[in-house]
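Multiple structures are listed underneath, in structure tokens.
Shared between the two complexes below is chain A, which pairs with chain B and chain C, respectively.
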Partner chain A sequence: MEHSIAIRDLTKRYGNFTAVSGLTLEVEPGSICGLLGPNGAGKSTTFKCLLGLARPTSGSIAIEGKPLTPATFQDLAYVPEKSALYENLTLAEHLEYYRRCYARYDAARASELIDMFKLDRKKKVGKFSKGQRTAVSLILAFSLRPRIFVLDEPASGLDPIFQRLVLDLMIEAAAGGASVLFSSHQIGQVERAADRVAILKNGKLVVDGSVDELKTTEKIVEAIFATAAPDIDGLAADPRIRRIERSGRIIRAYVSDGSEAIAKRFEEFSPRDVSIMDLGLEDIFLTAVDGRDATIPHGDLP
Partner chain B sequence: MNYIEFLRMRRNITWLAGVLAALALLSMISINVNAYKVHVGADIGGPTGVDVAALFGLALGITLIFATIVGGTLSRENETPEMARTKPFPREQIAFSFLLTDLAAILLAFVISNAFIFLIFLDFCWVVHVRASFHVGEEAGLLVTLGLGVAFMWYALVQAVSSGLRGRGGITIGLSWAYFTILLGLSHVTLFPVPLHDLIMALNLLNPLAYMNSLTTHGDTLSASIPNSIFTLDPWLRAAIVWLIGIAAGVVASYNWKRLEF
Partner chain C sequence: MAAIFTVDPRSGVPLYLQLIEQVKRAVALGTLAPGEQLPTVKSLALDLTVNPNTVARAYRDLERDGIIETSPGRGSFVRSNGAPGEARRAAEDVAVAMLGEAIRQAKALGLERMRLEALLDDLVGRWFPPHGEE
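Now for the complex of A and B:
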């Protein structure tokens, strides 16, 4: 099956600064991929390269198996993180602009979405709130009925009701066969909508997998000792351990795979108790973007 | 025609028409109030009538100002690259559609300016009870071709410089006025050594003002004369040069705009 989006070994440098390094990511038709990462991780740069707003230093990008061309944009809708609307124009004028540009523009769908977001067509975009501007961008994108959505923080500034609506729109689009690549700082949104998650850190892909798969493999192994936690340097070097937290008598290891094996290795240090706990997506994210080792002050852990 | 640029130019033209209407109204009030002080003959413009080219000259001045003001439009699009550059059209085509829309607006600004100038002139004739007859002088075609060419060249040079910048079109427009005026002034200074004077003259090749640095009219007959230039070239050749430089600058502007990265 042809990937909707295929990013291969993408690197983007600005002078000496590497914004994205060797990123490989694929999005399948009918799927939703959530791109996570702290600020400056390279998410927006990835989107810019994907849309041809920035030229990759190396690597390749293919949309439905072909390099990006102007015609690609007939089937690709983009919602940027910051509003890129014309502040002096009304919503109606934006809709007219899109009607003239896109063959697949659906006026009925646009009207339906305007009613959903309760916006005034005659109002200038500059007079809308931040959330309403995001809604305008979403209306424009979803009224095109494209095969591919690239959404950078699509729920930014929206209230919880409309955030849920955006997720529903994405899920509905994917159910109809469209592919969605979106970024968000709200992990709950990603957990709810995405069937696949990619986490970037310092421009590099550090986690990539389906949400269910990650929840199955990513675990916390917690060891409680009778006295102060021993030195476990040898264990900490295990590549399956993403991060270790120490607090008094407790050591927590965030493992990407093989939690049973790691628990057995903890047994070698004679703990009072060892347990394996499930990780939520938020824990997986924090583990992936935080350092490998962290010492939590006493009292921070229960 | 680019719809976004069409809306922008429609707004600019509306503003221009509003300002000119206000100025025309003030002028007509002033003419009516001071009509008793004016003493003119039974007709105006002499036996052949008023050379319309003389009135065109005023309109060209207004058009030139309008053309430079709208010169930063591609730069403005760089403030919202995600909107302008993710459309299903080649980017050079988008840039050219902006330039063509702006050129149409510049021509329309010339027509509107003429309309108001003729309105004021006819009001004057009516108030002071004189006949006004018109004729199209020999230089009218040249004056309009050269004048609009100078306006377009200035516009296109501003676009060429600012299209690769992010939202600094306004500064470029302001600096262009200072740069072109000073450069033209320097070309008249005779104290400079020859190499420096030659350099100034070379730089003036890309100065629209250098191709038409004054519009003279004969006040008694209101007929237009060939505009002056620091270059001793045939006026029609000057007109061809300014249009060619304008077109070349438009191509450069499109290329700069297309290749800009974000």
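Now for the complex of A and C:
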């Protein structure tokens, strides 16, 4: 199957600053990929390169197997983090503009979406709140029924009810075969809506895989000893261990894989207890972003 | 209508496993009867606000395990033959894992075997009160 989005070995430098370094990321049809990362990790730069708004220093971008051309944007909708709208035009005028520009524009769908977001189409966009502008950008994007969505912080400024609506719109689109790449600071959104997560840190991909596979392999292995925790050979060098915490009688290893094997290794030292704990995506994110640089191998994608 | 399942996306347990467990539980308890239709992948994904591929994966695994059957174009149904038996076996697996974990923790807390067995006996008696002799 052809990738909807294929970013290959993308590097973007601004002067001496490397914003994105060697990023490879693919999104399949029907998949929702959540892009996470601290501020300045390279999410927005990745989007700019993906959309042809910035020229990659090296690497390539392909949308449905082809390089970007103006025609690409008939099938791809982009919602920028800061909405790019005409302050002096009403919502209705924005819709009319879209009707003229896009063959795929669906007026009935646009009306449904306006009702869902409870917006006044006669109002000038300049008079809308930040959240309402986000809603306008989303209405425009979803009224095109595109095959690919690129959404930069699509729920920013929205209240929890509308945030949930945005997730439902993404889920509905993916169920219909569209693919979605979205960035968010709200890990819970990615945890719900995405089947795939990519975590960037300092422009590099540090985690890439299916959310469920990551939860299957990423664990904390904790051993409690009767006396001070022993030194265990080779632990620090084990590539499956992202981080080790020690305090007194406790050793805690944050592992990216092989939790059972690490637990067995601990048991050789006769601890009082060894337990393997599950990690939510927030903990996986924090561990990956705080821990040492290492790419987790791709999990099996659903 | 309320969703027939609930999941906790923030849990460290993968969502597709949570869904599988919920469906098996519903079949074991009879909330879902043999032959009953399950929601479509899309409607369950929207009901729970979770990824459609996650729901699809749960359905695929449930079909492999003989709990449901899917006929193209018609949807997914609880299997008429054997599903409750399969689900009870699955429920037993879940229960054994939970009890095993509880016993492991009790041992780690320093309980002796004899004491633990006596406590388990008490606890079992609390949930299965004797009602007359056989």
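In this section, the second predicted complex is superposed on the first by the 275 of 302 C-alpha atoms of A that agree within 3 Å, B and C clash if a C-alpha of one lies under 4 Å from a C-alpha of the other, contacts with A are read in each partner's own complex, and residues count from 1 in each chain.
Heads up, the rule we're going with is that contacts are C-beta pairs under 8 Å (C-beta built on N, C-alpha and C of every residue); 3 or more make two chains touch, one makes a residue touch a chain.
Here the structure is a predicted model, which means the values were calculated and not measured.
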| item | value |
| --- | --- |
| Touched partner set for A:R100, first chain B, second chain C, both or neither | first |
| In the superposition, chain B vs chain C on chain A residues touched | C |
| Contacts of A:A178 with chain B and chain C, given as first, second, both or neither | neither |
| Which superposed partner A:Q74 touches (first chain B, second chain C, both, neither) | first |
| Which superposed partner A:Y86 touches (first chain B, second chain C, both, neither) | first |
| Chain B versus chain C as contact partner of A:A54, first or second or both or neither | first |
| Touching partner for A:L158 - first (chain B), second (chain C), both, neither | neither |
| Residue numbers on chain C that touch chain A, as the complex places them | 9-17, 41-42, 45-46, 49-54, 56-57, 104-105, 107-108, 110 |
| Of chain A, residues touching chain C in the complex | 30-32, 164, 167-168, 171-172, 174-176, 188, 191-195, 211-213, 215-216, 224, 272-273, 275, 277-283, 302 |
| Residues on chain A engaged by chain B in the complex (per definition of touch) | 48, 51-55, 70-74, 76, 78, 80, 84-86, 88-89, 93, 96-97, 100-102 |
| Residues of chain B touching chain A in the complex | 3-4, 7-8, 11, 80-83, 85-91, 261-262 |
